[in-house]
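Both of the next two complexes hold subunit A, though its partner changes from subunit B to subunit C.
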Partner chain A sequence: MARLLPTVFLIVAALVFPYSVDRIFLHTPIEREMGTAQKIFYFHVPLAWLMMAFAVTSGIAAVVQLRRASVRAEATSLAAAELVLLTGLGVLITGPIWGHATWGHAWTWDARQVTTGLLWLVFAAYVLVRRYGAAGSDRLAAALAIFGAVDVPIIYYAVRIWNTTHPGNRVVATLPAEMWNSLWPALIALTLVSVALLLVRLRQELTDIALDEAWILFNERDGHEQQHS
Partner chain B sequence: MRSGSLARQAWILARNDLRQESRDLELVLTAGFFSLVVLVMFGLSFSALDRHAQVLAIPGVLWLAVAFVGALTLTRIFDREREADTLRALLVAPVERQAIYLGKAAVTLLVLVGCNAILVPGLVFLFPAAAPMAERPLETLALVVLGCLAYTSVGTLFAAGLASSSGKNVLLSVILYPLTTPALLLAVVATRALLEGHPLFLTYLGQLAAIDVVTLALSVWLFESVLVGADASARRRSAAGPRR
Partner chain C sequence: MSNNTLEPSVAVDPGDEYEPALGLDRATKACVRACEAEAAAKTASDYQHIVWSYGILWALFAVYGVSLWRRANRQRVEMMDLERRLKETP
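Moving on, here comes the complex of A and B:
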C-alpha cells in the first residue's frame, strides 16, 4: 500500500490542480490594489509554506539522524532538503514576478527575499556536501540542515525585525473568505505533488543505502574468503 | 575520566594552540597580511567614492574581509591538526568534546579580532566616513567581537567536521558563507548604524548578540555528533565509495 501512495497522491493532485486553476482565475475576485498579478499569490504562498515545512522536516530528520543513527531519518533529511531546493526555486521565481508587478522591481533586497534566498543557498550547500563530501560528511550535512531549519523562524520574523517592503505576516490571516477558499485547493495540489516526490526520493535513497550495505557485506565476505584460501 | 571544568579544559586547549602560535606566528602573520591585502584592494576599488557612498561601502568591506580572513584562519587551524593527525588524539583525550570546540573557537575569535585591529584603523585611515569607529571605540569593539563571534561559532563547528571527515577544504566556503550571511548582514546593518550615529545601533547589537547565543548553543550541542557521531553511516559511506 505504501508503495502506491505517491501514485495516489499524484492522481489526486492531477484532479485538484485544474479545479484550483479554474477557481483562482475564473471564480475569485480580482484584488483591488494589485490587480491580476495578485493571482500568483495562490501559488507563491503555498510554495513558500512548503519550502519552510520541508526545511523544518529536513532539520528535524537530521537531529534524529545524528542522535539515533537512523538510516530512514538520514534519507528523509536528504529527500526533504532536495524538495526545499525545488519549492524554493518556485518561490524565488514567482516572488520576483509578483514583486515586479506590484512594487515595480523584481528584487528589492527585502529582508524576507534575502533570507528566503539564503535558506535556499543553505540547502543547496547541504546537497553539495552530500554529493561531494568525503566519508563522514553526512553528519556535517545533517548539522547544516539543522542550521537551515533554525533559519526558518528568522525568515518568518525577518519582516518584524527589519524594515521591509514585503507584505506583512498578517496578510494571509486577513484574507477575504473567497480568497482563502481559492488558496486551499492550490495548497492541497502542491502539497500532494511535493509529498509524492518526497516519498519517491525517500524510497530511492533507502534503496541506495541498502545497496551500499550489501556492497560492504560482499566486500567483507570476499576479504574473509581470500584470507582463508 | 574527564579532568577539570569545561571552561578550564577549553582554556588549556586554547592556551596550547596559542603557545604553538607564539612559536612560529604563522596564523597571526598570514591572516594579518591577508587582512592588509584585502584592505588595500578594497581601498583601491572604493577610493573614488564620496562620503555618503563610503558609509554604504565600509560595512561591506569590513565584514567581507572578516568572512575571507575567517575562512583562511579556520582552514589553517584545523589543517594543523590534520597534518599532525592530532585531532584524533584530542578526541580520545580525557577532555569534554565541547572543550575542544570552545578552545578552537576562542583561538579563531582571537585571531579574527586581532585582524580587525588592522582592518578598523585601516578603514579609518583610508575612508573619512569611517571616523565614527575611532570616535566610539567601545561600541566598535563590541560590534567587532559580536560579529566575529557569530562567524566563529558556526565556522569552528564545520571546519572541525571537515577536518575530522578528511573532507575537501573548498566545502568550508560552500557551507560557511550561506550560513553566516544572516549574522554578517546584521553586522553590516549595525556597522552602518554606527557610522551614521543611528539610534537603533544598540538594538542591532542586541539582535547580533541573540544570533551569537543561538549559533553558539547549537554548535556546542552539535559538535560531538558531527565529529564522532553514534552511527555506522560513516563506515558505510567510506566503505561503499567504489560501488558508484
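Moving on, here comes the complex of A and C:
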C-alpha cells in the first residue's frame, strides 16, 4: 500500500489541480488593489508553507539522525531538504514576479525575502555537502539542516520584527471566504504533488543506501574468495 | 458627467419615433479611453506575470520529477548489474 501512495497522491492532485485553476481564474473575484496579478498568491503562499514545513521536517529528521544514527531519518532529512530546494525556488521565483507586478520591484530586500533566500542557500549547502562531502560529512550536513529549520520561525515572524514590504501574517487569516475556497484546492494539489515526490525520493535514498551496503558485502566476499583461490 | 453629454443637434419632433444617438464630448471620451487603455495594459501585464509564474512553477516540478525518474532508472540498472554478478560468482 505504501508503494502505491505516491501514485494515488499524483492522481488525486491531477484531478484537483484543474478544479483549482478553474476556481482561481473563473470563480474568484479580482482583488481590488493588486488586480489580476494577485492570483499568483494562490500558489505562492502554499509553496511558502510547504517550503517551511519541509525545512522543519528535514531539521527534525536530522536531530533524530544525530541522536539515534537512524538511516531512515537520514534519508528523510535529505529527501525533505531537496523538496525545500524545489518549493523554495518556486517561492523565490513566483514572489519576485508578483512583486514586480504589484510593488513595481521584483526584489526589495525586505526581511522575509532575505530570510527565505537564506533558508534556500542553507539547504543548497546541505544538499551539496551530502552529495560531495567526504566520509562523515553527513553529520555536518545534519547540523546545517537543523540550522536551516531554525530559520523557519525567523521567516514567519520577520514581518512582525522588521518593517517589510510583505503584508502581516493576519492577511491570509482574514481573507474573504471566496478566496479561501480557492486557496484550499491549490494548497491540496501542491501538497499532494510535493508529498508524492518526497515519498519517491525517500524510497530512492533508502534503495541507494541498501545498494551501497550490498556492493560492499559483495566486494568483501568476492575479495575474500579471490584470496582463498 | 451630464455636463459633458452632447445634446442632439437636430430638433426632435415629440411625435417622431426617431431618437438621435447621444454621446460624450471628445475630452471625456479621450479620458475614458485612456483609463480603459491603462486598465487593459495592466490586465495584459498581469496575465503575462501569471503565465510566467505558473509556467515556471510547474516546469520546476516537472524537471524534478524527470530527475527522479532518471535516478530510478539508474538504480534499476545498478540492481540488475548486482544480481547478474551475484549469479556469476560461484
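The definition used in the following text is that the second predicted complex is superposed on the first by the 221 of 229 C-alpha atoms of A that agree within 3 Å, B and C clash if a C-alpha of one lies under 4 Å from a C-alpha of the other, contacts with A are read in each partner's own complex, and residues count from 1 in each chain.
Criterion: a contact is a pair of C-beta atoms (placed from the backbone, for glycine too) under 8 Å apart; a residue touches a chain by one contact, two chains touch by 3 or more.
Please read all numbers here as calculations on a predicted model, not as lab measurements.
Judged by the number of subunit A residues each one touches, B leads among subunit B and subunit C.
In the superposition on chain A, A:44 contacts subunit C only, with no contact to subunit B. Looking at the shared chain after the overlay, A:105 reaches neither subunit B nor subunit C. Of the two partner chains, neither subunit B nor subunit C is touched by A:27. With both structures placed on the common chain, the touch criterion links A:132 to subunit B but leaves subunit C unconnected. By the touch criterion stated above, A:215 is placed in contact with subunit B and with subunit C alike.
After overlaying the two complexes on the shared chain, residue contacts for A:90 are found with subunit C alone; subunit B is out of touch. In the overlay built on the shared chain, the residue A:36 is in contact with subunit C alone; subunit B does not reach it. Contacts of A:204 after superposition on the shared chain: subunit C is touched, whereas subunit B is not. Within subunit A, the residues touched by subunit B in the first complex and by subunit C in the second are 211, 215. Taken in their complex, subunit C has these residues touching subunit A: 42-43, 45-47, 49-50, 52-54, 56-57, 60-61, 64-65, 68, 71-72, 75, 78-79, 82, 85-86, 89. Subunit A meets subunit C in the complex at residues 35-37, 39-40, 43-44, 47, 82, 86, 89-90, 93-94, 97-98, 100-101, 193, 197, 200-201, 204, 207-208, 211, 214-215, 218, 221-222, 225. For subunit B in complex with subunit A, the residues that touch the partner chain are 154, 157-158, 161-162, 164-168, 171, 174-175, 177-179, 181-182, 185, 189, 207, 214-215, 218, 222, 225-227, 229-241, 243.
Against subunit B, the residues of subunit A that register as touching in their complex are 65-69, 71, 74, 114-115, 118, 121-122, 124-125, 128-129, 132-140, 142-144, 146-147, 150-151, 154, 161-162, 209, 211-213, 215-216, 219.
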